[in-house]
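Both complexes shown next keep chain A, but they swap its partner, so chain B is in the first and chain C is in the second.
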Partner chain A sequence: MAASVVDRTSYKYKLGTNRLGLWLFILSDAFVFGGLLVSRFYLMGNTRPHLEQTLGLVVTAILLVSSFFMNRAETAMAHGDQKTFLQGTLITLVLGVVFLVGVVGVEWQLAPFGPGDGAHGAMFYMMTGMHAFHVLTGVIFLWIVYRNGRKGLYTAEKHWAVEACATYWHFIDVVWIFFYPALYLIGTVVG
Partner chain B sequence: MEDKKKQALKFGVTVFIMLAVLTLGEYWVAIAGGQWWYILVGIALLKAWFVIQHYMHLPRLFNEEENH
Partner chain C sequence: MNEKKKVNFLTLGLVRGIIFQVVGALLGMGFTMLIRILIGLPAWNAEPVWVSGMFVGVIAFLIGVGAFSDWFKWAKGEETSDHHSADPSLPGWAKYYSISFDHKVIGIQYGITSILVLGLAGTFALIFRTELAAAKMQFLDLGTFNSLIGLHGIVMIAAILLGIGAMSNYLVPLMIGASDMAFPRLNAFAFWINVPGALLVVSSLFFGGFDTGWTAYPPLSARAPLGMQMFFLGVYVIGLSSILGSLNIIVTTIRMRAPGMNYFRMPIFVWASVATSIIGLTATQFIALSFQMVMFQRLLGMGFFDPGNGGNVILFQHLFWFYSHPAVYVFILPGLGMISEILPVFSRKPLFGYKWIALSSMAIALVGFFVWAHHMFTSGMAEYLRVPFMYSTMLVAVPTGVKFFSWTGTLWRGKISFPTPMLFTLGAISVFLLGGLTGPPNATVATDLHLHDTYWIVGHFHATMFGGFMFPFFAAIYYWFPKITGKMYNEAAGKWHFWLMFPAFYVQSLGQMRIGLLGMRRRIADYDPALNFDFSHLIITIAGFVIFTSVVIFVVNIWRSVKRGEVAASNPWNSRSPEWLLPTPIPEHNYADHPFEVVGEPYDYGLEDAPYIKMPSASATD
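And then the complex of A and B:
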């Protein structure tokens, strides 16, 4: 009877465990955002805060475009295209910063209520704040990957950090996919 | 290799177009008839599925062949 031998030091083995670890982290993080979504519907029901609709659509579009460029960067790296990878990563990073400015710098200033103004204020600032914090960490991750990419640390064969960064960035996009309608679109406006 | 890359990049564009159309769709649904929350939830789930399946490559987690 032949027993299969697993080389626990091989890149292939490590890649498998790294992927599992990242997805478990994402799953646990998703519960935090899931809890916020449940709180939003429990506390606010079929109402929503008065927010700038155009700005909401614009920041959503910015995050969507950033996801496209992140995918483009990862695909390019997987095929050994260093130039497109660096361009895509940098564009994603810049769009992430623009998104942060749009939400924290503009929307928070325009909102006609504060975090202490009832359930609407508390939920809006908690949800957008928690999401913005993740965008900020994603931007830092992108900057690290971009710098390492410029040093030529990634190849088509070995680029786990790029894959991890892309997966995390897309997760941030998935969270906003649910937060955008929950905050901007569903329910009747109050306040 | 070059053909495979072009094909993969093209697929990324297709997914992006689908996501953009769905986003505009949900905005229109909300503006046109604010009470259709179930349609908005459906669109959000569809968009999330597109991103998780094609941008986050969830199947890679279960398929050892897709290694780099």
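And then the complex of A and C:
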């Protein structure tokens, strides 16, 4: 009987538990973004706000590229390549900050409307704001992982924090893949 | 609390947390004013300054109580102890006032908070029930009346969520043979965040209250007093607790079961908890989102629900009810699971239709996602939505009927005994039947147009909550009391509790339904004496006071029994569930020294040679 019992205290078993927890968190969080998308289509229908198209394309590209480096960092860690891991994490972090500056620092200033200007204003600022808040938490997470990585706390076998950070970062990226067309591409421009 | 035991008051997590919350709120307010000056706005504007201050206060509470301590250590790259242990310098009672990672301590914390909050919400109800006992306004002003009904609603919801937290945190790990929850720190966090949240909700009384009722529909909520914002913020915070608690229950159930316990050998309560948690994990985000959108509409002028600014109030109702209808299944499913849990024990018969009843909880939870707009038949939403939502709502009656069938089948020809937990279980079935049968008339569009927003709805809703939560909750407390405390409660007082509460509840609920059918509107402070509702209202009010008295008897009973009750037997009910084979009090790491294997079905009561578990360490004493 004892032989069939899985060792619940092993790192491997805990890793599986942690993964499940993270994915359930992501499922829950996805409902926030889902709710925002529903609200966007409910209030704005087949119209979209007047936005800076080039800037939108650039920040989207930056976020997508950052996910590539995040994946590279995580894969490197899984192979024990400390240097590439740190490099990838740092690049992801910088690209994340650039994305934030692009959306909050530039797009919010360029937009010809404020949060109080109709459904477009409200939905645009709410959606980008909620997403930017998640990017910000992701950047903080990246910074923590980078800092601990430099201390050499992660190994090829044990790097759950790196994996969690990467999964979360990809999730934020996927959300933007839905938000970008919803705000920039779908429907006719109004206002 | 108890200075004579020589505990430094300030080392108690609760005290530190509240001090931090006050200081944090003040700092947050100062910081907000500073930013306002820097961006060229006048420093003082009550709404943004208070809201952001209170938000910072919540985070400060959690830092003060120590909910973040281990996570901060992890972020700094430090290791923390894998196994939690109680601080040996604290006397037994003090651990309940400070942060603890032990699921049993957290379960008790949830339970005590729940009963306190329940008493508060009940007091709110008694105040406005007294006002309603006669026509004309007696002693309340209209604004206070409105705030009180809203607070009664939301504080009761908080009490119910806390009560569910109590049952599921204490029982799920014990029932599945785990040493603790999957994420003990998250568990402690999810409990403690309720405290500042509850304080915020109640603080709304001091910020002018709010006059929307607990549903907080805009446009009224968009221009209600500042108390509205405290309500939103408090509910938002309590919702986070619900989400994280649900996550923990699901992961614990999937990953921590004892050897041999496959899904269809889990106790029904565990099934019910998982079903509840699926709703809590996902749908809760929608009420959070809808409240957040109203908050931002008030703070930043965003026009989500402002028809004059591109918004639509119906959107709020859709978002709100997408959570708030499934939420009632969150409230009742654990209670219904509890009924199935206790019934076979006192019928000494196997639970009838185990698989069906396990899956019926899941079915109710899943169907519950597709019924929300039945709250909106009169709202002005698109008319073609009414009939589909009518049918989906009716569908809920099917799995609920399965449960009733199973309960009847379990009782049929059982050797039934009637100690207090069984009385409450049977009471729950009876009251929930009343609540259940009064549901379909509200789901049917034609009748709902008449019944909407009347006391009929109030009566129906209270019957579902009492049958689905209150009675099972009390049953659970009486049932597990001997295991939790090692003492026996006073049986006579328990029976008084039941025999006062049960008939009084019927009087109250049927009375409400009666005047509702005759046209009494809900949520109003006064009514026309010509309607002749005075006598009915007086009876309902008296019934309300009787219910409150019965709860006071319960609290006194529990209090006295903990202090000087008789020592209880280790397994007084002859239960098959593994937690009853553990020594009392249950060791800190549950089954660490008492491993067991599941070898049979959980509810085979009264059958020869049909063991559920094999626990080598228990065989010597049994």
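Assume the second predicted complex is superposed on the first by the 188 of 191 C-alpha atoms of A that agree within 3 Å, B and C clash if a C-alpha of one lies under 4 Å from a C-alpha of the other, contacts with A are read in each partner's own complex, and residues count from 1 in each chain.
Just so we're on the same page, a residue touches a chain if its C-beta (ideal position, glycine included) is under 8 Å from a C-beta of that chain, and two chains touch if they have at least 3 such contacts.
Owing to the predicted nature of the structure, the values given are computational and were not obtained by experimental measurement.
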Touched partner set for A:F113, first chain B, second chain C, both or neither: neither
Touching partner for A:T167 - first (chain B), second (chain C), both, neither: first
Which of chain B and chain C A:D81 touches, first, second, both or neither: first
Touching partner for A:D29 - first (chain B), second (chain C), both, neither: second
First, second, both or neither for A:F68, with chain B first and chain C second: first
First (chain B), second (chain C), both or neither touched by A:F178: first
Which of chain B and chain C A:Y125 touches, first, second, both or neither: second
First, second, both or neither for A:H159, with chain B first and chain C second: first
Touching partner for A:L20 - first (chain B), second (chain C), both, neither: both
Contact residues common to both interfaces of chain A (with chain B and with chain C): 16, 20
Complex contacts: residues of chain A adjacent to chain B: 12, 15-16, 19-20, 23, 46, 53, 57, 60-61, 64-65, 67-68, 70-72, 75-76, 78-81, 156-159, 163, 166-167, 170-171, 173-174, 177-178, 180-181, 184-188
Chain A-facing residues of chain B, complex: 1-2, 4-5, 8-9, 12-13, 15-16, 19-20, 23, 26-27, 29-31, 34-35, 37, 40-41, 43-44, 47-48, 51-52, 55-58, 60-61, 64, 67-68
Partner chain A, residues of chain C touching it in the complex: 74-75, 77, 82, 179, 182-183, 186, 243, 247-248, 250-251, 254-256, 259, 281-286, 288-290, 293, 296-297, 300-304, 309-312, 315, 318-319, 322, 595, 597
Residues of chain A that touch chain C when the two form their complex: 1, 4-5, 8-9, 13, 16-17, 20-21, 24-25, 27-29, 31-32, 35-36, 38-39, 42-43, 115-123, 125-126, 144, 147-148, 151, 153, 161
